[in-house]
Structure formats: structure tokens, C-alpha cells
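This is the structure I have questions about; it appears just below.
Chain lettering (A, B, C and D) follows the sequence in which the chains are written, and residue indices restart at 1 in each chain.
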Amino acid sequence: MASRSAVKYILRRLIFLFITYVVATTIVFILPRAIPGNPLSQILSNLSRVAQSNPEAIRAAEKNLMEEFGLGKPWYLQYVEFIGKALKGDLGTSITYYPRKVMDLIVPVIPWTLVLILPATIVAWILGNSLGALAAYRRNTWIDKGVLTGSLVVSQIPYYWLGMIFIFFFGVKLGWLPVQGAYSQGTIPDLSWAFFMDALKHYILPFLSIVVSAMGGWAIGMRLMVIYELGSDYANFSEYIGMKDKRIFRYVFRNSLLPQVTGLALSLGSVLGGALITEIVFNYPGTGYLLFKALTTLDYPLIQGVFVILIASVYLANFIVDFVYALIDPRIRIGQEE
Amino acid sequence: MENVLLKAENLRAYYKLEKVSVKAVDGLSFEIYEDEVVGVVGESGCGKTTLSNVIFMNMVKPLTLVGGKIFLKVNGSFEEISALSRDEVKEKFWGKEMTIIPQSAMNALMPTIKMERYVQHLAESHGLDARELIDKTLQRFKEVGLETSWLKRYPFELSGGMRQRAVIAVSTILNPSLLVADEPTSALDVVNQKVFLKVLMSLKRRGIVKSIILITHDIATVRQIADRMIIMYAGKIVELSPIDELLEKPLHPYTEGLLNSVLTPEPEVKKRGIVTIPGAPPNLIDPPSGCRFHPRCPHMMDVCKEKEPPLVEIEPGRRVACFLYAGERT
Amino acid sequence: MFLTMIKPLFKNKKFIIGFSIFIIFLLMGFLGPVFYRVDPTEMTWDYEQPPSPSHPLGTDTYGRDILAQLFHGIRSSLYIGFLAAIISLVIGTFIGTLSAVKRGLVDDTLMAVTNIVLTTPSILIAILIASYLKVRSIEIVALILGLFQWPWFARAIRAQLMSVMSREYVNLSIMAGYSDLRLIFEDLIPTIATYAFMSFVLFINGGIMGEAGLSLIGLGPTRGISLGIMLQWAVLMEAVRRGMWWWFVPPGLSIVAITASLLVISTAMDEVFNPRLREE
Amino acid sequence: MSRLVVKNLTKIFTLGFFSKRYVEAVKNVSFEVKEREIVSLVGESGSGKTTTARMILRLLRPTSGTIHFEGTDIWNDLNDKESLKDFRRKVHAVFQDPFASYNPFYPVERTLWQAINLLENTPSNKKEAIELIKESLFRVGLDPKDILGKYPHQISGGQKQRIMIARCWILRPLLIVADEPTSMIDASSRGGIIKLLEELREKEGTSIIFITHDLGLAYYVSDTIYVMKNGEIVERGDPDSVVLNPSHSYTKLLVGSIPKLYRKMEDI
């Protein structure tokens, strides 16, 4: 029962995100050309350092780089070419891994990042919101105070530092879980049960470090929302006509959760940022680790490629959240009467 | 006593703050008869909204019942609801025997579910058959002048006036005997105000509710539907009287001042002129000694500063708390 | 007026706790390097030593004193945090105020820009920009971080000012012949002051956390020691997997303590100035 | 001669960025206010009465139409600072919400200082100015001791509204636009505010426009009533003819719906 207003809402978000994407890719285009000291020449000088042993590769890469950045052409042609390529999914050729395409390097690592971030974010969201709601419901009891204090502290722990603590404690001290990677060295990823169990073992610590530290923020926000909604007119009225407390609390929970869904969209960026660094700490072979590798060798085509892909995924996720929001909030689905 | 629905004896309810108490309801005694409309009138801060909380025993910290008793007639016999806890009163009487139309009725319905679902949940909460209650609501929707198909909608799809009527329909669905309406018309335009009053009275005429307490600052509105009027000032009842007598001849100086400050589009008002009561209502943390109105009263006597005037009946059905009428007693 | 405003803060338990912790770290950053005169970059043969009387927090792989690093790191991290917060506050206030005062097309354009920056992950843009800079001073890092964390603040300021501007005292000041600028400084800015201060505190957090993140992937300040740089060294030298807890625990703990105390301060202010949340 | 002449005043608000919507808040409104006259614009929320007031006060630019005050087109002829200041001095306002009329960060007398600074003959020293402020407070029945140095939350709504009238006493404007000046204060203080405004008219010859939803108030105070609905003036006349003998159907409905004190509605 998609009404006109819902379609309009979705369309508006879509247009907005598309514009945002164009702006973001434009930044990618402008940066290397605008920053003083011409980073492109840096790239070239860097190139010879990286691939000293293979002069042929250098020359090829150099030529390639000139072509890819379209140097020598007027800037607007460069821009049109750049955007055109970006929309086609052609992100150029890596320098470090020459002659492999940037896209071919990124695609295999994306699943690792997705598998880590998606479940961790959703679990943290659910747990955090439940805890926050519980605290608000038992306002001013020790449960509330405990949850609030805990959340305030936990929400300020960077994922990656919690990761370090976990590695040290559960991996190094107790020896319960592996300390790095996504699977044991030497194994080849396949669909066997043994590999799954091995990957799972490696998964627990990075997963937990994201879940635990992301939970705090949700709990704090949800607690405030629920306290606010508990004092709202509909909650009071429902009580006056004899609605059971449990039911009223479900109403309050539902209505408090709606803004938290929008909050999820807004927080995706910082969750991603934190998760990328967590991958580095765990040597987890995801996008963050690839980005780290690219940064240490100043492989600019690869850096840009990772950036473009990540930004696009954040916008896509944003759009999905918006879509879900439009589905679950009737005020958007049907359109509020002014 | 047999046709009394609600009886309050020397009710006192304070907002107990850290160091001080706000004496918002301070020694109120009155009764509400079956089949009547009583208007509770007073200016902001006189304790009239607190009174509605007290009637429901809706004591939420820091509001505390300090003393007094409230009785409600349930199935022919009186229950002392002031002896029960808030949760017990809520469980036993809210929505069933007593109900409310809140000040902010526009936002009173759960916004993100359809009204039909809401009624289903209400049935569940009261242990009733959902289908039956929905049918009853449909009937009630017709009675308050709403399309029955609107029950399948979300509250925000209705206009403000219609939402208010939906609230009336839902809140009276279990035929409670007492309805308390707290400033129900202040958010409506005058045309919808009148519609609201009509709906209210039709519910009473059909016997869906027995008695109505209308809490408001607007005497002219009360005048349209009330049988009796309670005038409150600074946490106390200063006058309680049938409405026509009160308008004819207000007894308490405060009542008189209040009446003469009302501006309605009537030639009588122009002739009468407008009166101001000097000063401002006292704060209720540390109210004036004796009669709380004495600092603003044009007829102030020495005794008013020292002693508190009791609320006494000086004519059949007319009670006033003022020393001007001390002689007329006995 | 100012005193009567902040007085209730010191009756709030949360505020006192948060404020005390923050002051302790502020003093560590300010006075630590003054009293503990050990060069944090001096390499010694006492490398990878656990805490001992001569090195209260042990040493790193190059024999550098961790406590000295920590004092200098806290100082730089706080400095970056403050700097980034000032930049964000200025941009956010400017955009939010301009939007609210000018309305119309100016408002539409500025809010579109704000929403674009809001939706774009700031840490990723910071990474991209930082990667192109060969030399990154502490100030440059603060600038990169400060440039992208203002959008939510600008939006909130705009909303608050819009509501303030519908208040009648603003009309009365206009009718008294106030210029736009005088109106902004006398009537508008004071009303957003407490909110701006609370946001400033959170911006400091953003700056400190952002620096740590950037440093960890090797894009932090190229000179000097910050808490993030300490963590980066620890990760590079595999301090975690080699069990050298004295190396990576202190800087991380400091980040958490500073940012959590600031968050508590901001929450307490919200409680004090926002009556709905006040506990009875 | 009329003090204020409003001719074909129209205000259209544009909403939305991508898909624009237009709302006609005020449509082709014309009326005049004479010297010493009290005029009421009566209407419910959304009738355009407040928008009209804001345009007269030069707070909101009209889409079309003209407003002449003392013969000057206030939106086109007030180009220099001096003439604008002169206009501000001569046309003033009392607003609805006494709480919103004061910036909580300043003592309440700030609003009186603003008026002093607007005067043509600004007092030569501070002492003189303070005397002027005190005198204006006495005029509205307030004791300066209770007011000076206080912050808005320390005084009552009735007192706040009186100080707004004290502001008018300092300026002695030719026209006061009173936007619902009594709707948010208690009934028992309402009469005082109305009397003070009437006194200004008696002593200074001030013209007053009451912007109100309260037909009772309009009936009581005005010389002329204009009834507005959906941005248009639907009825005009002296209070008795508008209230006792309305001609437009909306006015009839309005008068019929307002609860009276001395009459009970038949159809409830």
C-alpha cells in the first residue's frame, strides 16, 4: 500500500543520495589536483621506490597513471572522463599490485567487511536499544544507574582499542581465541564445516569489540527517548482508560524505536570508520585492511577506489534504512495531514 | 446520600518537593451527584488540574495525598478509593468507572497504530471480546458524528476536532459513570468547541456517562452545560453553587470579580463594564494566612487575616467560604 | 547571571564526577611534562621493560619512557580536540545562524550542503584528505577533523534559532531598531550558549577520537606524540600480541577517560538545563 | 484623515524546495484606522490576522498591496535610517505571549531601555532616563521597586504585559498594534490591561488595532470590527451591528458558537 507520499519520500531521498554521491566523487577528483605540492608527482616518485626491482612495470604504471588521471587534458574533460569511469565501475589500476584492476582487488575483500559490520551493527542496535528501554522503564533504580554509567563509559571506547584489550585478554592471556586474521594461516577458504568453525573462532573477538562499544550509544539515546515518550499524552491517556502497563510500554518502545532507525542511518559512517580500523588491529582481511595496505604504499588509485566504494555502500545502506523507515512509520507511509 | 456518585472529604494533596510543599489541593470537600454536570472553575495555578489527578488517585511523585477521603459509588455501594494505591485504583476503576478527556486530547491517541488496533488492545487489557468492543466503538463513532470507516485509520489522518471526538468515543467505550474533562476545549476553534459540548451532552443524555466534571477557566463554557459550579482559589473551594443562582448573585467576592471580568459578545457585558481584581494569585508554597483571598479582597475585614473561613451552606445547595456571610448562618 | 547559571551544575553529582576526572587529565597534560622531565623520544637500552621504579609505565621497543609519552600524548590529544572543536563550533554556528536568519534560498542551499556532509562518513573523507598530505602538523590534523563534524550542530542551532526568532522579544528588538548583527549578538547567541557549550564538549571528543583513528592507520600528525600515535606504535610493534599491556592500555584508557568524562559533563548539563530530564 | 490606510494587502507564502506550494495567508485586505480609533481584526487561527499585523508592523514584507501610515508608504518610502526610526517610534506593538516578550537573559527593564533609545529626544543622562522609566512604570500601576533589576521569570504574566504598555507610555506612539494582548493572562488581570490601553487612547489620542480571536473582547473595546476568515475580511461594521446583527454566514456561525455568560445555548 505504497501511497503517493511514500513514493515521493523515497524518490526525494534517492535524488538526494545521488547528488551526495556525485559531490563525494567530485571531491575525490579535486583533491589530488588541488592539494599543493602536486601529489601526482609524489605518486610517481613513490612508484619507483615501491617497484624498484621491475623497471618495466614502473614505466607501464607511469603511463597508465598519466592516462588514468588524464593529465595533460583540460580539467573538465578529465572530470567528465573520471565521472564516466566511476559510474561504469572502472576504478583504474592498482600501483602496488600492478597490473591488477582496483575493482578486482576490492570485490573479494568486501564480503569479509560486510560479514563483520552488518551483524555487529544490528546486534549492537538491538541490544543497546533494549538495554536503554529497560533502564528508562526502571528509571532511578540501580538497573538504570548501572546501564547509564556503563553506557556512558562503553560508548566512548574506540572499537579498535576494545579489540586490543580483547586480543590481549582472551587471546594472549587466556589463549581461548585466535589473536588475528579471519581464519588460520595456511587454510584455504572453502565451504567446509571445519573452515566455518575456524572462521567463526576468528570472528568472535572483532565482532564482540564492535558490538560492545557500539551498544552504549544506542542505550543512552534510547533511554532518553523512552523517558520522553513515557511522559507523552498518548501514554497518559492510555493509562487513564485502563490500558495495561505492558501494552503502553510496547507503544512507547515502538515509538521510541522509530527515531533510532533514522539514527542508524546517520551513524553508519562512523560505525564503518571504526570497523575499518578494527580490521587493521585484528589483521582481518577486509576493506579496512586493504585500505591500510594501500595507504602504506601510497597506492592512490586503490585508496580512491576503496573510498568511492565505501562511500557508495554507506549511501546505499542509508537508502535502505530510509526505505525501511518509510515502511514502518505510517506517518510517512500515508502522509501526515497538515 | 443515595444519589451521590463521588464524595470528597477534606482532600489535601501537595507536591512534596525537596524542601517545600506546594499545597495545590488543600482541604476540599464536595460531592458529585448522579446525573449532573459540575464545572470546576479557577485561574491558572488554583489547583483545578491537580484536583482531577486527585479524583483519579493518580498520585505520581511528587504529588502526594496528604489527607482526606474520596468515595466512588460502584454498583450501588461506596468504595473508598483514597484507601487504595494508585495501581489498585487504576486496575479496578480507570476506564471502567471513571474516565478522562485530557487537556491535550489531540495527541491522546497512540499515533502509529490504527485506531481499530488500539481498541483491540483496549479489549485485551480489560479482558473483553475484541470484536464486540470494536462493534461498540463503531456505534459510538456514529454517535459522536464520525464516519465508522475512520476507525480503520491512523489518528493523524483526522482533523483536530475529529480526533477529539474519537478520543471521547474511545474513553467512554466502557460506559464509565464519571467523566472528567480537563480544559477540553482550549485547543479547538469555537465552532468545534460547540460541537464538542453537544457531543458531551448527548453522551450524558443517552446515559453512557452519568456525571461530568468539567474543569476549565472559561465560565461562559461551563455556563452552557453545567448544573452546578465549584469556584476554586489558591487550592481551596471558595464557592459551590447551582449555576443560575451563582450567576444571578455571586456570593464570594472572588466569584464576583471573576464573573465581572468575563468578556462575551453580549450587550449586558458592555453595560456592566469590566472589573479587575488587583494583585495576583498567591504562590501555594506559602499561601496567605486566614482567607487566602484577603490580600486582594475589596471587603477585607480583620478576621479574614487571622482565621480561615469555613465552607458553609448559607442557602439550600449554596456554599461559600467567606466571613461576609458568617452572620447569615444558623 | 552567569554564576547563577552554573551554580546548579556543581550540585549535580554526575557533573562533579565528570568535571573532576577531566580536570585530572587536563592537569596531567599541562603539568605532567613540566614535572616529569623525561624526554619521550629518547631511546635507551632499557627496551620493552614492564613498569618499574625507573620507568613507572615501562618502555617501548626503542626504550622510550611510556609515562613521558603519555603526558605529551594527553597534551597533544587535548590540543587537537580543542582546536577541532573550535573549528567545528565556528563553522556550525556560522552556517546554522546564517540559515536561520536569512531563510529562503540561502537556507535551502546551506541545509543541502549540511545534509550532504552529514550523510558522508567524515572519517573516510578525513582519511582521503590526510593521505594526500605528506607533512601533517597537529594543527592540520585538527583542521581536517574539525571540517567535517559540524553538520548536526548546525542543524540543531538552526532549529533552535528558528524557534527563538518566532519569540516576540526578537520582534520587539527589531522594532527597537536593532541591526541584524546586534540582534544576533544580543538576542540570539545567548540563547544558544548552553547548547553550544555542550556541543563544544562533544566536539572535543570527536577530535580526540578522530585523531586516534587517523593515527592508527598511519595518517596522524607526522611530528609529535599523541595518544593515537602511541597506539599506532603499539600496533606496529605488535605490543598487543606480545603481551606488552603497559604500552597500549594507558593511552587507550586515557582516551576513554577523557571522552567519557566530557560526555558525562555534557549529559549532566543537559539534565540541569533541560527540566524534563531533571531527576526529582 | 485616516492614520493608517491598508489597501489590497496580500501575502503569499511559498513552501517547499522542489515542489513549491503556495499559501495565500492574506488576500486583498483593505481597511482604515482613524485617529483615536480602536479597530479589531477578529478571526480564528489561520485567518491571516497575525500576518496582517506583522506586515503593518513592518516585520514581514507584503506580496502586494500598500500600507500607508500618516500618508507614507511604509514599505516603499522609508528608505533612510531616520525615517525608519521615526516609524518605529510612532507605530508600536504589544504581543500575545508575555513570557516570549522578554529575553530571559536580560533584566525586564531592557525592553524599556530599548524604547528610551528610540526616542527623538533621548534623555541627556542616565539619571533622567531612569526617571522616565520609573514614571512609565507608575503610569501602568507598577512599583519600580518590584520591577527594576528583576528577570522575566521573577514577575507575573500580568506584570509583564503592563511593562509592555509602559514601553508604549515612553514612546507615546500614534498607533499600537495589540496582538492578543490578554489571551495568555488570567481573567482577573485582563481588565487592567484593557483599561491601560484605553487610557493611552484617551490621553494621547493613540489609535489601536486589536488582533484577537475573542469576539467578546472586540465587542467590548472596539469602534469598528473586521471579521477575517481564510485571509479575507468577510464582514465589517460597528460592534453592535456585527455581533447583534451579523450579515455574513461565517459571522453568524461564529456569533452562534461563542458561549455566552447570560444566555444558555438552546441547541446543546
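Operating definition for what follows: a residue touches a chain if its C-beta (ideal position, glycine included) is under 8 Å from a C-beta of that chain, and two chains touch if they have at least 3 such contacts.
Since the structure is predicted, the reported quantities are computational estimates derived from the model, not experimental observations.
Among the chain pairings, A-C comes first (most C-beta pairs in contact).
When chain centres are taken as C-alpha averages, the shortest distance to the whole-protein C-alpha average belongs to C.
If you average the CA atoms of subunit A and of subunit B, the two centres end up 55 Å from each other. The distance from the centre of subunit C to the centre of subunit D, with each centre set as the mean of the Cα atoms, comes to 47 Å. Averaging C-alpha coordinates per chain places the centre of subunit B 34 Å away from that of subunit D.
Annotation for subunit B: no residues touch 2 or more other chains. The residues of subunit A never reach two or more other chains; the list is empty. Within subunit D, not a single residue touches two or more of the remaining chains. Subunit D meets subunit C in the complex at residues 17, 54, 57, 59, 84-85, 88, 92-93, 95-97, 100-105, 111, 114-115, 117-118, 151.
Within the complex, the subunit D residues that touch subunit B are 44-45, 156, 158-159, 186-192, 194-195, 214-220, 240, 243-244, 253-265, 267-268. The touching residues of subunit A, counted against subunit B in their complex, run 232-234, 236-244, 247, 251, 254-255, 258, 329-331, 334, 336-337. Taken together, the subunit C residues at the contact with subunit A in this complex read 112, 115-116, 118-125, 127-129, 131-134, 152, 205, 209, 212-213, 216-219, 231, 234-235, 240-243, 245, 248-249, 252, 255-256, 259-260, 263-264, 267, 276-277, 279.
The touching residues of subunit B, when paired with subunit A in their complex, are 56, 58, 90, 94-96, 99-100, 102, 104-105, 107-114, 121-122, 124-126, 154, 156-159, 167, 170-171, 173-174.
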